[in-house]
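Each of the next two complexes has chain A plus one other chain: chain B in the first, chain C in the second.
Right after this comes the complex of A and B.
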């Protein structure tokens, strides 16, 4: 039993790292633009399909392929922001952005169905099937590589946010958009780049998701609902909170799966509801981020 | 001033009367079941969107969890009919029970969700939605698991099968519109809109925000559950992914926004446009069995949000004002359609209605 629980916790942390990466993208976008990007889940799946195409058609290694898919997803993100998001203003902006990003999700999902069909696929490579044997546990290499990559990227995002001039303008925009504008920050540029970065991480998230799960164009809904729960639990707009919540939630789910595989997902949402009952702003949320 | 008002009233009353006659005569004129099917679904969605408007349109809390009530209503009817062996038209006597189930669910869900605002509220409603869908899948003995429930057998003749359902749905739709209209005119409605505009200030002025929000949520939940039960009986079965369908929630929001967020007429119009359109798209085989109409739906979404950001009714009302005043700023209230007093969103809308009150 202890063995199983330890195993579940290790799995939870390894997978949680990947979710953390995807959630950081989502929470960054929220922090800077004050919108929730419903399309994030489908974009992850799009990233997975891009990796799939590269590895099956061009025989490029999954990790090497990221050098192509990450910039591609960055461009897609910037284009989505330029074409749709930046035009939205006014009192109903919250709901409007939800609708727009949802529409984008629908369109991408439809295109994925058209191109790839509805069958489940998964990404394969030598390291998705072989495992590392350590302390009596078999850990698939992809989990380990994925975790390392996710940690490196999250650290890189942290460094970008806290060690660069651009990061400072991002944080300033998150704190107060008007004030940021007043001190000469090009808020639109910051928003576009943030959206691009937030979407670019889905290329990595998608590759890792695809290598550890089978997926179809419809898988995005499951993902986005988990990611939303994670960023709310962590406190909207808080990068550290998203990390903690991702690891916490995925580990919790993985531990509960030992006893109750069918209800594990419900525990995920039940935990969200419970935490919000006690702390409406999530673990690390700022109090009353913006007045309604 | 008063003359225009009387004329407005007469026009509105006449229009409403004509609409009612058309709606009642609809299945008499079009007897083809394929057409009446459109009518039934349109009426179901008018009800659903109006119920959504009652809560979300008035308070500004966007609920993406209406499917919780819709599915629960359907399941409540299915389970009650199965366990109590109710068949035939007697099943419709269970509708009040379904409404009660919807209301009873709305109380705890509302108490939890309405503590948070804006994005967090939206996400919480989504979380509820997934919990309920999962329950429908996994409580096998109770809900029938992934195969769902079949409705009790109804011995209506095949040919006119849709017509009674059309009238039931029409009655629900008319009732919901009436309730929404009464609420809009009431003190309660005013309190709801005060919450939408500035909840903290409304609270400061003595609005018991939680109680008011929760009441609207409960009313909306009860109506949605009722129509969910009707829908279940109409299509004869419910499965976890049709009763608790994520697209359902977003379609409602799209309908409301297309018609005009925050107005009753907008909610009705949006449902009447989108629902027949999606039904028709689904019957077009050359659109590739679903994927292309998904793309089309997405494109419609984008067009609505980018070009008609406030919906057809408000924008249309502005155009009419513009034409009637020939571009000059309106001095007197110049509209019959009404610059949307109902929408009340944003000061820019009230070009013509400023002097009206």
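Right after this comes the complex of A and C.
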């Protein structure tokens, strides 16, 4: 039993890294723009399909392909913001973005169905099925790489937010948009770039999701509720919180799976409710994030 | 009362509600569902005499999006292929066939709404079934209330036939193999092996689904009686997005045999990938669904990994039935690909049309009451899947259970059980290791 629990915890930590990569963009976008990006799940799948095309058509390695898909997704994010998000104003903006981003999700899903069809595909490379053998456990390389990438990306985004001039603009916008405008920050530009960065990061999560699961254009809808739960638990707007929450939630789910797999999903959401009852701001609440 | 909740908390509550709602919705749409109370006022079409020249309007709801979208797309192809063939040959009783297909997004509630619309608003002449037992069960109740026959090809779970509506109206007709006994040929094969060659241990991971569980549970019961020790038997949520832990727990036990209660390709693919990561290859691996999906399966798992994978079914592309061979050729001509890549869904859908056509021809129209009575009259019908004969609850009593296997590095999908049956080739008794 000890071995099973250890295995479940290891699985949870490693798989949690993949979920963190999918959730980081969502929390970043919410933190800056107050946007609940319902399209995040579909954007993950879009990232997976871009990697799929590069891998199968151009035979580019999945990780090398990120050098193309990340900038491509950044451009897509900026375009989505320019075309759909920036026009939304007023008190109903947050709720309106729910509808708008849902529409964006439907549009992207429709395009993916047209281009790729409904069949499931997956990303394959030697490291997607090979493992590292440590202390009697096989640790899949793809999850190890994914977890390392998650930590590196969280640190990179942290550095971007707290060590650069752009980051100061972003944090100023997070704290008070009106005040940020008054001190000369181009809030629209910050918003567009942040949305672009949030979507760009999703390309990494998409590649890793596609390398660990098969997917079709519809797969994103299975993800979005989990990703929302993760960013709430981590603290809306907290990039590090997304990583901590993803690891916590997936580990909890994995451990429950040992005894009763059918309860695992319920426990995932029950944990969210329980933590919010005790700590309404999540692990790293936004107030704290903004005050840093 | 003025709320003292901080800004964050208010938003967290809103988004939590959204997350929980979406999650709950996903769970609901993935779980077995009884039909909602949807009163229907329409009477089934009883005109449609042979003299009428108006097109026969047939309605169906299919999962063109959502979890079953790959199967739904194959079903749509099968229905359309049949309609095109019929129309190219002058229609049925001189009447062309018109299909009205609505998308249910793999949601049982939407399927109920769609059939209500098809019957009450579109006034279709006949209804064809959706994909999966999960959707067929509630949808068939809508048809029953309106007096419609419900001919379907992908609802073989016991829950489909045992509903109060079907036990009363007897309107469900499944042209395919009833699923409960579909793994029996595999169990018989194990029983035929010398004790020293039988698998010693087996694992039975099952998706929480009315289609996936019954055949696996029966197989477990029978194999246990044969002395095959169960080392893992658990049901996991059908809506799960990651199977790493479940597959890891199975792999840790190193069972000789894995009987996977899967509903689709992604589930099988996830287990295959996780097994490969754990350096574990079962000697035998049979899945309730997934490997029967032709190119959709090999594309997802890789042709090499498909080799040795088994699946129960009633049809395969090279089956020696002339009508089936003609359908496969027509399919390849219209949609491309190779014959072995044609999924069983296509044949199941096509068979639904064939049964309907024979009933319309025999009864001289689209009077649903007459069609129901005729289909229950002990007729033996011909389809691309073989002969069909319905019992009192609409199960196809003539369907033979076969086990199919991918061989030749994923190039050929062949019938391997029952041994000695027409068309059976030698089984690949030990599954080769996963390819990287």
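By our rule, the second predicted complex is superposed on the first by the 285 of 292 C-alpha atoms of A that agree within 3 Å, B and C clash if a C-alpha of one lies under 4 Å from a C-alpha of the other, contacts with A are read in each partner's own complex, and residues count from 1 in each chain.
In this section, a contact is a pair of C-beta atoms (placed from the backbone, for glycine too) under 8 Å apart; a residue touches a chain by one contact, two chains touch by 3 or more.
This structure is a prediction, so every number in the text was calculated from the model and none was measured.
With both complexes brought onto chain A, simultaneous placement of chain B and chain C is prevented by a clash. Legend: residue contacts after superposition of the two complexes on their common chain; A:162 is shown touching neither chain B nor chain C.
Note on chain A: of its two partners chain C and chain B, the one contacting more of its residues is C. Contact with both chain B and chain C is seen for A:228 once the two complexes are overlaid on the shared chain. Judged by the touch definition given at the top, the superposed model places A:88 against chain B, while chain C stays out of reach. Once the two complexes are overlaid on the shared chain, A:261 sits against chain C while remaining clear of chain B. Once chain A of one complex is fitted onto chain A of the other, the partner contacts of A:236 extend to both chain B and chain C. Legend: residue contacts after superposition of the two complexes on their common chain; A:273 is shown touching both chain B and chain C.
Using the contact criterion defined above for the overlaid structures, shared-chain residue A:128 touches chain C, although it does not reach chain B.
When both complexes are overlaid on chain A, the residue A:111 reaches chain B alone and has no touch with chain C. In the superposed pair of complexes, A:103 makes contact with chain B only, with no contact to chain C. Chain A uses residues 36, 94, 98, 109, 113, 221, 225, 228-229, 232, 236, 262, 265, 269, 272-273, 276, 280 to touch chain B in one structure and chain C in the other. The touching residues of chain C, when paired with chain A in their complex, are 5-9, 11-13, 15-16, 18-20, 22-23, 26-27, 64-67, 69-70, 72-73, 106, 208, 234-237, 239-242, 244-246, 248-249, 252, 264-266, 269-270, 273-274, 276-279, 295-296, 299-302, 434, 436. Contacts from chain B toward chain A in the complex involve residues 60, 62, 112, 115-120, 122-124, 126-128, 130-131, 134-135, 137-138, 198-200, 246, 250, 253-254, 257, 261, 288, 290-295, 297-299, 301-302, 304-306, 309-310, 345-346.
Here chain A touches chain C in the complex through residues 3-4, 7-8, 11-12, 15, 34, 36, 94, 98, 109, 113, 117-122, 124, 126, 128-131, 133, 138, 140, 142-143, 212-219, 221-226, 228-229, 231-232, 235-236, 250, 253-254, 257-258, 260-262, 264-265, 268-269, 272-273, 276, 280-282, 285-287, going by the rule given at the top. Across the interface of their complex, chain B is touched by residues 30, 36, 84, 87-88, 90-92, 94-96, 98-100, 102-107, 109-111, 113-114, 221, 225, 228-229, 232, 236, 262-263, 265-266, 269-270, 272-273, 276-277, 280, 291-292 of chain A.
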